[in-house]
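Below are structures written as structure tokens.
Note that chain A is present in both complexes that follow, paired respectively with chain B and with chain C.
Now for the complex of A and B:
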């Protein structure tokens, strides 16, 4: 196994280095091509002067992004506080316990906040990179709006059913079978809109963001279908019991494997792939810089597609899954650093020579920080996937810590930055307040740092205490000792939650004011978003 | 090739799909070919235990409790024999969990008793003073959904050939005929409990959630 890793690392480094050289010497035309794709509108303004993009669907999904973002983070903050102050479990009777609310938190931030953000940015950017307007096709407009309506119904049904306790108890796939069917419908409609727009396109080459949106669509579709295969007991038993109840098609270890194939790759195809789509579009647009390297984008895209799926079994290290699968998961997790860092480095190098923008434009700050957190969390993940590290880290708070430096620092930052960039173009008004944005940035950075540092310490402390033995080889601590010791860290984490939520409220207020009360713009801003 | 793909969305999508599906083929299929076989002596869950398992699912106990003992001395000392694949052969879905805010429960039936669970679910601090687990007092009044559990047993027998007896048939009559044995199992548990409301409910032919949950937890060995 070791040799395979070394070989992979070796080959990839050669590829990247070669890439740099070629680019410096004779790859100029590729850059021109990228510039053309991204800034086509600017270059060919006259020929397409009549093309007005239609943002009605993007706007609708913007509203749900903000709404579900607030709701999901509010519940997240509450359950974080419950671990530090258990009395908070009794606010809503049986519906308010940590156990009932935790899936609500994860589902709302994944399927409410993030997926809304993905749809909003897709309906905004796909028109632009394809050079077609949603208004050109009544059918696609209908599909987009229908998708939104069904999506809202689905999201509300999800919240209600999880609160009531209808859950298949597979993490991030808790929704019961009727909702699964609705999910498939929403997803298919998105696919129709996506390939419909692509079919009408004027720009022949698909821009990088679209690669990632297509991958998001296909990956989630495949994984979701397989993992949610279940038999409704009501129909199989001739009408006995609850209609909502179902049993998984897979049992035990098989089920675990399919579940984490899904679970890990939900992280890939919801929290990574479409967010990379966003940064590939919005960072060049906001900064006025072309993407640094086309070849690096190629390498990281196809690399990510190939490698990510293998890594799912790193969630099952030391379990009853066959050993060779665990090793595969471990090795490919380490290999995964390459395509992940490929994208992130491509983003950072896109800002080469333009770092002054970081001080002038808070939006650039959000995006650069997002890609930095992406690097941090894609390094941390592989470290946790090493078997010996995993033996300590698994089952501890280090794992939620890792997840949250990814989702708070990378996903949510990128989604908020994208919506900030879209707002002046969609509503034809400047961003309401730069100062508020700056304050939000620093508040949320503080929150993320407090969150992951406290969880790192908590996780490693608990992992070490579980295995600590005295001089005679007996366990040193009872389980409850290892819980009691975590109280200060849980308190810090709850505080971090409050800070991040406050930052999100500042974002929501800023967006609301931008939509309603900000100064109107005469023309669409070219690059940097205007802000007061 | 890549330039060509980027101009041909259909083939691009096919290419992406093949690349992402590849790992699943290699990693997942072999494991399915060799589906989980039960360890010797493993019995399917009784209807009451299934009802308890559904409460475990409904309230998302996996958010804080694992059911997977890893092969380390520290874990086998604390929880008992490490877990074997065949022990989960009737678990649909698997309930390993991914976080231990509370201890592992895979063999909790070996070292906790009915009355311990009764006290603990009513008020965790009464048995573990520093516990941060919430109390689940509503389990003592909410009635467990036994019919759905029976429907599940019938379903897995029919679809996955889980070895339940011939009396498990998908009809109302078969369910009515099976009811008394579930109640008898519940009564055996309630004999070790002290809560009056629970005793009264079972005497009236209804099974509160706590009884089903304890049946399930006692079964985890």
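Now for the complex of A and C:
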């Protein structure tokens, strides 16, 4: 289009005069010179100005973050309600039961919402800290877009197959083998985009966020491959049973160990590491304050990498796993407090002398609260990993309570805050409503507090009741006694789910209006995100 | 000594070894900054000054466009 306009103006300048004589050579070249000056300079200046960050892939993943966030939280709220009101299990036949929907909830939240958020924030922030644009490489742009297309196919196949009941029955690794292969493809494409951008960078040093994104890429790649080593039974048996079925290559305790090596590190490398990547970029950028201590970030990073990989066996305390390995899981979980708090304290100290921003800017509020919840859940986790505490906590509702401190308070808050920060830069419009953001914050914080307090009480009550014995050593309570006692707490949790989901809808609406109807910005904001 | 006991000892000594490495790294970081060999804190500005046309904190000599500029 631009070329056509240029050609049109070019011809107009040459031929517009009625008495123009094309044989008048001097006049002709003079006109060409004028055009050259106008357009060559114009094009040159434009191409220089046109060298700007390209957010097309980041935008695509932003949409899937919002979509899967809503879907994952909707299903989560439904299954929380099913525990309080069991008749809700029979709304949609086999497709609406708790057992069918629970893996759908966890998988959509992990691989739909969080991973989309990770990709969106990566494609946004990596360009900026490397000072290189996706638009500078057609190949990387193609890779990014291909990754998105395959990711959407994978995510839809995941939703459909889990809803239909195809599951490998390994927690957070339920996807069956064809989907695992597609996952590897999507992940490798992300790696190509990541290392491709790093290869073309103008900034020599890699910023902290990138270390964490690289760790996320490598950690998940290694652990996902090991845990999903499986034999498709249809091919191994010469055509018996379903194509969508496989068995693990490991057996018994070994299988459990590999499973929780992965399971815990899904928390480490999906729910922790890339979210730290986000906060290390977005909090300094939004507040205009450089990170408090770069050296502390180096120590926290290597500490986290060193310790996290060994903590997975705390999921198997009091099981058939060798005793030294259980103790190692416990000890490493407690040591994990140090690097986790190292990052979180670094974040809080970044706000040193600028705490007024907490009251003035709701985005800072989201991020500071996220790092506070990161501290809370990384203290709570090690406490639960102590063997004697675990004897009460294991299999109780305290465990989902702990997970949701982290995911609702840390992961989702940080993902939403990051997208809010990105929106004015990507869409060149101010954030639609500050008031709505404030209301969302208070609604969701109430929800998180209701969720974890109810689950603390429920979990400890449950654990104590299971262990209670009378003077003769007989169990005092049957399982159904605990269920009856826990019902009010399940109702509170369902209410918390409704509140959090409502808050997420407010976020989605605010983002939609920011993209479409908000006031346009003339220049990109440097630090604080503008909001109406 | 059976294999499980060996694994236990291996895990213990590897932990000690890695802790020594980590602490040596901490000492290295602080000492090199104190001697003036390195300035780690300047890298914190990478996130703040992240416009595409703003000068990098440290130029990457391998970047093609940087090479062209240097040749000029």
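What we mean here is this: the second predicted complex is superposed on the first by the 481 of 532 C-alpha atoms of A that agree within 3 Å, B and C clash if a C-alpha of one lies under 4 Å from a C-alpha of the other, contacts with A are read in each partner's own complex, and residues count from 1 in each chain.
Convention: a contact is a pair of C-beta atoms (placed from the backbone, for glycine too) under 8 Å apart; a residue touches a chain by one contact, two chains touch by 3 or more.
Model, not experiment: these values are computed from the prediction.
A.B. asks: Comparing chain C with chain B, which touches more residues belonging to chain A?
C.D. replies: Ranking chain B and chain C by residues of chain A touched puts B first.
A.B. asks: Check the residue A:322 against both partner chains and state whether it touches chain B (first), chain C (second), both, or neither.
C.D. replies: In the superposition, A:322 touches chain B and chain C alike.
A.B. asks: Looking at A:302, would you say it contacts chain B, chain C, both, or neither? Reply first, second, both or neither.
C.D. replies: A:302 contacts both chain B and chain C.
A.B. asks: Which of the two partners, first being chain B and second being chain C, lies in contact with A:128: first, second, both, or neither?
C.D. replies: Second partner only.
A.B. asks: Looking at A:261, would you say it contacts chain B, chain C, both, or neither? Reply first, second, both or neither.
C.D. replies: first
A.B. asks: Report for A:453: first if it touches chain B alone, second if chain C alone, otherwise both or neither.
C.D. replies: neither
A.B. asks: Thinking of the overlay built on chain A, is A:491 touched by chain B (first), by chain C (second), by both, or by neither?
C.D. replies: In the superposed model, A:491 contacts neither chain B nor chain C.
A.B. asks: Does the superposition put A:53 against chain B (first), chain C (second), both, or neither?
C.D. replies: second
A.B. asks: By the touch definition at the top of the document, which applies to A:205: first (chain B), second (chain C), both, or neither?
C.D. replies: In the superposition, A:205 touches chain B and chain C alike.
A.B. asks: Could you give the residue numbers on chain A that contact chain B in one complex and chain C in the other?
C.D. replies: Common to the two interfaces on chain A: residues 204-205, 298, 302, 306, 322, 325, 328.
A.B. asks: Spell out the part of chain A that touches chain B in their complex, as residue ranges.
C.D. replies: It is residues 82-83, 86, 89-90, 93-94, 97-100, 102-103, 165-171, 174, 195, 198-199, 204-206, 211, 214-215, 218-219, 222, 226, 231, 233-234, 236-242, 245, 247-259, 261, 298, 302, 305-306, 308-310, 312-313, 315, 318-322, 325, 328-329, 332, 391, 394-397, 399-400, 466-469, 474-475, 479-480, 483-484 of chain A that touch chain B.
A.B. asks: For chain B, which residues count as touching chain A in their complex?
C.D. replies: Within the complex, chain B contacts chain A at residues 2-3, 6-7, 9, 12-13, 16-17, 19-24, 27-28, 31-32, 35-36, 54, 56-64, 66, 68, 70-72, 74-75, 77-78, 83-103, 128, 130-136, 138, 142, 145, 147-152, 154-156, 158-160, 170-172, 175.
A.B. asks: Quick one: which bits of chain A touch chain C in the complex? Just the residue numbers, please.
C.D. replies: 51-53, 127-129, 131-133, 200-205, 207-209, 280-281, 284-285, 288, 290-291, 293-295, 298-299, 302-303, 306, 322, 324-325, 328, 527
A.B. asks: Could you list, by residue number, the parts of chain C that touch chain A in their complex?
C.D. replies: 4, 7-8, 11, 18, 22, 25-26, 29-30, 33, 40-41, 43-48, 50, 52-54, 56-61, 63-66
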